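Note that chain A is present in both complexes that follow, paired respectively with chain B and with chain C.
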Partner chain A sequence: MSGLQPYSSPAQVAWYYGFRLICALIFIFLILPILVIIPLSFNASDFFTFTKEMLALDPDGYSLKHYNDFFTNSDWQTALANSVRIAPMATLLSTALGTLAAIGLSQSHVPFRGAIMAALISPMIVPLIISAAGMYFFYSRIGLQGTYWGVVLAHAALGTPFVIITVTATLVGFDRSLVRAAASLGANPVRTFVKVQMPLILPGVISGGLFAFVTSFDEVVVVLFVGSASQKTLPWQMFTGLREQISPTILAVATVMVTVSILLLTTLEILRRRSERIRGLSPG
Partner chain B sequence: MTDTTANGAAGSQPDSGPMLAADGTPLKVSLARALRRQKLRALMLIAPLLLFIVITFLAPIGDMLFRSVENNIVPETLPRTVVALEQWDPESGEAPGEAVFEALQADLLIAAEKKIHTRLGSRLNYETPGISSLFRKSGRRVDDMEQGPYKPQFLKIDEDWGDVEIWRTIKRYSGAYTAGYFLASVDMEYGADGPQLKPEDERIYLTLLWRTILLSTVITVSCILLGYPVAFLLANLPLRTSNVLMILVLLPFWTSLLVRTSSWIVLLQQQGVINDTLVTLGLVGDGGRLELMHNEVGTIVAMTHILLPFMILPLYSVMKTISPSYVRAAKSLGANDWTAFWRIYFPNTVPGIGAGAVLVFILAIGYYITPELVGGTSGIFISNRIAYHISSSLNWGLAAALGVVLLALILVFYWLYDRIVGVDNVKFGG
Partner chain C sequence: MADGAADEYIVRFENVQKSYDGETLVVKNLNLNVEAGEFLTMLGPSGSGKTTCLMMLAGFEPATHGEIYLKETPINKVPPHKRGIGMVFQNYALFPHMTVAENLAFPLQVRGMNKADAETKVKRALEMVQLPQMSGRRPAQLSGGQQQRVAVARALVFEPDLVLMDEPLGALDKNLREEMQFEIKHIHENLGVSVVYVTHDQSEALTMSNRIAVFDDGIIQQLAAPEVLYEKPDNAFVAQFIGENNKLLGTVKSVSDGVAKVDLEGGGTVEALAIKCGAAGERTMLSIRPERVLIAQEDMPNRLTGKVVELIYLGDHIRCRMEVAASKEFVVKVPNSHAHAALRVGEETAIGWVTEDCRALDVR
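What follows is the complex of A and B.
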């Protein structure tokens, strides 16, 4: 089906190339919007589109002024600092709690497993606007609205489903007899966990943690409601920037963030390969 | 099994009674205890997170859902009036008598002192426009009222106090709970004989709900149409090539939502890249630039792009499991390419389509950010209306009721998703 044979009919040859062309167009649709902002972020003028100078590859058409603005403007720097303060704490919370729960859920006898799973996954299913509204009302009542910890707790709750899902998936391939072997050799449960189970499921834990990190780092809706101006994060600043005063600095920020996601993607890919190699799933 | 005496040397114990564990307790008891301990350990591991989610997430959601029926403000602000109104029959066609006005004067006096009468006014204003100013005006002047019959004095402040409609509203919303917000969220109101649909040109929420479902369906179908060929190609290419191409799917997946939305703004706006290219190529005149943003087109295009990876990844993982020998077998039995695909390969991918479609639909229907930024007025979703009621119009009850409607819709599809794929089988990143 996939290969082109010497005996293929002209129609088959035409379809073979036609299909690849269609796929190429879809790939362009997927990737072009992300790539197009990178050159635009070096625009020397304050436009959101390619200027004549840029198309002529004139060096005067390009500049780093939007990056300069991002790194010197106090609004953007505060937002960046807030994002950097909130996301790791939320990640830490959701990864620690999520990993423990995933280990618990993967035991063979768990009462009410279905109901518990549904409750723990719910932050992923409920639309963000509903979560945001509920948290806004509830956190105002208990005095968490507009505080650093309010945002951290909210983001941690949103990130846990991803940790649970990835760690549970890793635990499926985990050989339980290793735990028993460790116990039979005299290791206590904590030691067994630290020395045997944890190193084996670590790739799953790290990729779950990355998911939780991205969830928090990329989150706007909840922080808009639960946070106050002093918790303004990078996505929040971008959102207001896009809605009110469109400035090309956003494109520079976007480029920086694309670079960060490329780094994340690479890390995850390395982890996935490592995990597959450990479990003997792929020859590589 | 209980026959331990088969081994003669160990046969000191007579073969009677239940089998014992090493410490002398019956094995059954010991096993049950071990099982109980195991369950307890599993629950202990889960408990911290469960508690955390209940406090930080489920309680807020429940709290918000409760707001959609809560109506304490009327009985709390006007306790005496509510009691006095019980005697009044709205069908009589006359405003209530002196007793009610006397209670109203007492209630308003306290409320005006605490400055909460305006809040009540704006609450009742959602139901009958005009009440807000009535309460504000009367609250200001209630202090100066003289002893004696209060009804004429209230009527002097504003003739509307003699209006049956005003009193009907107050009586209707005098309970601690109300279905009024839910009626409003599906464009209904209390009419002369019970709930009825609003006039056709005032039905904004049903229109909005219908548009949300319609646009989400269009987005889901576009995702299937664009995702299927790509997933098929990825699943049938050699691993080395498909791993490289997979990056083109995963990079958008990992890129920030706001980055992707801003790039669509850059592409779609009137002075944007697409319009500029079309003008340069001479396909459209400079005056005839296309309206690609601030309407449905913008929402559909941008959201299809954002949600496409959620369709490709489940499809890919299903297609990966389909053995190529099925199609080869079909062909060897005389099927042509199309028949082999349509009768053999495609039916095998239906679970993948189902999984991807439900996932994309669930995500699409609750979207807020992208429609807000590129949707204008005709491309917004019900989420945007909820946000509007929370942060701008402050009609929180209605926002909560709309949230319940949206949540119910999502839960139906979530249940479907659980039936088709199972929540445990969700996977990300291939």
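What follows is the complex of A and C.
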């Protein structure tokens, strides 16, 4: 936390600069691959490389044709429509289920809390390909394989752990005596939940929902197994695109998705901070 | 008041027991009546079972055994939100996302009261706790004392017959605590609501209560008005817990007409009221309040010699610690007046007291 002090030893000075260097390297490593994609998506040629014109900042080297392709090509439009239909529904399910699970598991009288928690979190830990294969066989048996609801359920299962984790974290700071206070004032458990508990844990619910949405929106492995051609999502289309045609349209799509993600994240973070401010720090 | 008819009781605990683990009883066979309009305090050290009793009454903890009656209705099977009991919590438990007015309106909305009536009630309740201008603030914007006032107002705004308070002043500083003690006491007197108050602070209990139930080890040690508890403790625990107490250990020599002759450890024989001391030959603890011990008295039935160990000047009185019999912690409060002999550390002086001020109790 502290900056350089007049009494800092040479080792501390070295660490002060070394620490910043390490941080910078980490950020470069994480962000550079994403940043490279953005200018490339405006490439006028059909290659994944920076052309001479681009490097010379010649306007002729840039074009919006890949974006044009994305917004007019029916393959991409179907994929986009599928993603937009699947992700919100999966988010809704995982947010509702994850929030309820977190509230239930935060109650001390629930037996086997650790084991239940571990089971619910497992989709996050188990290798995705294993979950996907398992879901494929299971969903085939019960007729969910290759259906819209099959993909939604699979994505909801993947998103729920994020909601459970964020809501559980918010519940740690939740003052249980508020529930008792509401009861003493005559509110039944449902009213207490809606009027008292829910508004206070909303920031955690929103964060969890955001993660769940991004999980579904970016997911490719499970949808390849569980979905059929009519559930082809954006990541799936990108994956096939990469394998079969290597069109820079993928870069345009990626840029659009990154932008959407950043906008979503920013808006929700602003909302979350606002509700956290309203919630105020718990008295005392 | 003491022998009122059964229907004047607002709360009745009948053989109530509570165990959390199924083995140890936290509350052992509690029988307690709270009279209508009474301010009853449950006082005791932590772990004595007082808060558990309050939680059972509020409905947040089930009684393991026995029955609690609210106005003659058994309430063991009534959930907390249907009991209609107001409650003030130790940490205030105000809803942080609601304004003060919304906090107060909450119990009224729950009861389906129309908006105009609710607003009038909220306003009146805020005036009662002297915070009418704070209705638009959020709890986090209020000081601790103001939050506590809001919590009290919220517990009273729906006009319950009974309000429970769980160490509500514990988090406040000393001056504010004393101010709030009087304020709560006055609110109680004005509204005529029954209050069951839990605290571990004996001065708080003595200031506010009509009656105090002293808890220890899951048992009510004594249930009495404040002055009775202080002046006539039934047992050694109450004598030691309420106020300052001098204890002298000894053996009962004889008991007659309610007066025990006691041979003190360290020499000397004194007389004391035989309250809970057993028969001749048994050990007893004598209890005498520091302000009832007099210095250099010739005509007292009980006279001993004490060696002054420490003198602390406190303005209106001088606190004198001395060695008396086997006790090195014998304290005498000497009034600051010319009539009293000057005491010096290291000197011996005669002390005495009247038999009625000394109580022979059990040895703990």
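Odds and ends about this structure:
Going forward, the second predicted complex is superposed on the first by the 241 of 284 C-alpha atoms of A that agree within 3 Å, B and C clash if a C-alpha of one lies under 4 Å from a C-alpha of the other, contacts with A are read in each partner's own complex, and residues count from 1 in each chain.
Please note the rule applied: a residue touches a chain if its C-beta (ideal position, glycine included) is under 8 Å from a C-beta of that chain, and two chains touch if they have at least 3 such contacts.
These numbers were taken from a predicted model, which means no experiment stands behind them.
Judged by the touch definition given at the top, the superposed model places A:44 against neither chain B nor chain C. In the superposition on chain A, A:177 makes contact with chain C only, not with chain B. In the superposed pair of complexes, A:86 makes contact with neither chain B nor chain C.
Contacts of A:151 after superposition: neither chain B nor chain C is touched.
Of the two partner chains placed around the shared chain by superposition, chain C is the only one that A:185 touches, whereas chain B remains out of contact.
After overlaying the two complexes on the shared chain, residue contacts for A:200 are found with chain C alone; chain B is out of touch. When the two complexes are overlaid on their common chain A, residue A:137 makes contact with chain B while staying clear of chain C.
In the superposed model, B is the one of chain B and chain C that contacts more residues of chain A.
After overlaying the two complexes on the shared chain, residue contacts for A:222 are found with neither chain B nor chain C. Taken together, the two structures place no residue of chain A in contact with chain B in one case and with chain C in the other.
Those residues of chain A whose C-beta lies close enough to touch chain B in the complex are 1-2, 12, 15, 19-20, 22-23, 26-27, 29-31, 33-34, 36-37, 40, 47-50, 93, 97-98, 100-101, 103-105, 107-111, 116-123, 125-139, 141, 153-154, 156-157, 160, 162, 164-166, 168-169, 207, 211, 214, 217-218, 220-221, 225, 235, 238-239, 242-243, 246, 250-251, 254, 257-258, 261-262, 264-265, 268, 272.
Contact residues of chain A toward chain C in the complex are 175, 177-178, 180-189, 191-192, 195-196, 199-200, 278-284. Interface residues of chain B facing chain A in the complex, by the touch rule stated above, are 35, 38-39, 41-46, 48-50, 52-54, 56-65, 67, 226, 229-230, 233, 236-237, 245, 247-252, 254-267, 269, 271-273, 276, 305, 308-309, 324, 327, 337, 340-341, 345, 362, 365-369, 372-373, 383, 386-387, 390-391, 396, 399-400, 403, 406-407, 410-411, 414, 423-424, 426-430. Within the complex, the chain C residues that touch chain A are 58-60, 79-87, 89-97, 106-107, 110-111, 138-142, 144, 147, 154-155, 158, 164, 171.
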